[in-house]
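The chains carry the letters A, B, C and D, assigned in the order they are written, with residues numbered from 1 in each.
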């Protein structure tokens, strides 16, 4: 039985796809994190994002995070799906879904996965503003 | 702007309904908890659940939880949807969705909401097994 | 006459959706005692709360005939 | 010849998807120094990691011509 779903997609992500993958008749708790594009960042007006990925390495790092979640927490299945390319306002940038017999582990695993993804997965976000664009987090 | 969606429904719940309600262009983080019916509990085989509700009071208590989340955490919108009646295996018993500018608050609010719901909201779960049924948590 | 709504295991103990008490006013504590007396099976469950007008009530609270009263056995939603 | 993949702000600094270094082997630390020397703009970003064969590499690691090498500027997914 496949317990990990790891994906980078240049087309819109579906919350239901991630949910359907993780949902399991042996688990009562499903925790999901859905990251979306917001219209403001530090007071500036955002028009859209562009995600650049080092795809094979990003998939490997996402897979490692999934393995860590399965090892550290009592989790049955995990999905980590990330967008690439042009992502508009309110669109989904990332979906993480976790199923677990006990909900506390599901929350911890889901939070661990998104926190770690933001630190280790080689994906870069260019934020496009009304008056320019910049690579998020690149400069001091 | 309505920031709370509180519902008890005798028909299947939709994750997307809860997500669409909370999603907001000012928020980058959406945390969801989806409680589903599992096939085993303490080694016994479950066939389905039946939820009985004291509906007007349950809605009031769910509304209080939403207010507490909005007050305690930096949360923009919250949805708390619960099923009533016959709920089959793998079906959704409860959906909680929270949008927040910062994800840590979203996770805390979502977990607070489901933990508190299980303690205070007058809803009763009858678990139907292959060989009988019982009210969950009623007896020592 | 005070009418008390019954849910879940309480409904099964009372064998009805409601319980009628031939009193015009009493405290929550007195209602509890009356229930344990008329239906000793209540001592076999984990306890119960009383709600008055759809709010959890303390033992000291007074109940009158116009109040909406309910027995709240241990909840198990979610 | 060692070919180094460039992403994000590194791609904009290098002005290409890759950077070619006329060496047959060197350490990660030496690659870093070579990059800072050829493109001083690297000192204006928060730093970068080097990946060798799609894994984060330490400064001591050796790079040879057959390795897949990449500059990993501060990541910002999610």
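The rule is short, and it goes like this: a residue touches a chain if its C-beta (ideal position, glycine included) is under 8 Å from a C-beta of that chain, and two chains touch if they have at least 3 such contacts.
Note that this is a predicted model, so its numbers are computed, not measured.
Under the touch definition stated at the top, chain B and chain C share no contacting partner at all.
Between the contact lists of chain A and chain D, the overlap is empty. Farthest chain from chain B, judged by C-alpha centroids: D.
Note: centroid distance chain A to chain B, computed from Cα atoms, is 23 Å. In terms of their C-alpha centroids, the spacing between chain B and chain D amounts to 48 Å. Separation between the centroids of chain C and chain D, computed from CA atoms only, is 72 Å. Among the residues of chain A, those touching two or more other chains are numbered 35, 114. For chain C, the set of residues touching two or more other chains is empty. You'll find the chains touch as A-B, A-D, B-C. Those residues of chain B that touch chain A in the complex are listed here as 15-16, 19, 23, 25-40, 89-90, 101, 103-104, 106-107, 110-111, 114. The residues of chain C lying in touch with chain B in their complex are 5, 7-9, 11-12, 44-46, 51, 54-56, 70, 72-78. Residues of chain A that touch chain D in their complex: 35, 51-54, 56-58, 60, 82, 93-94, 114, 117-126, 135-140.
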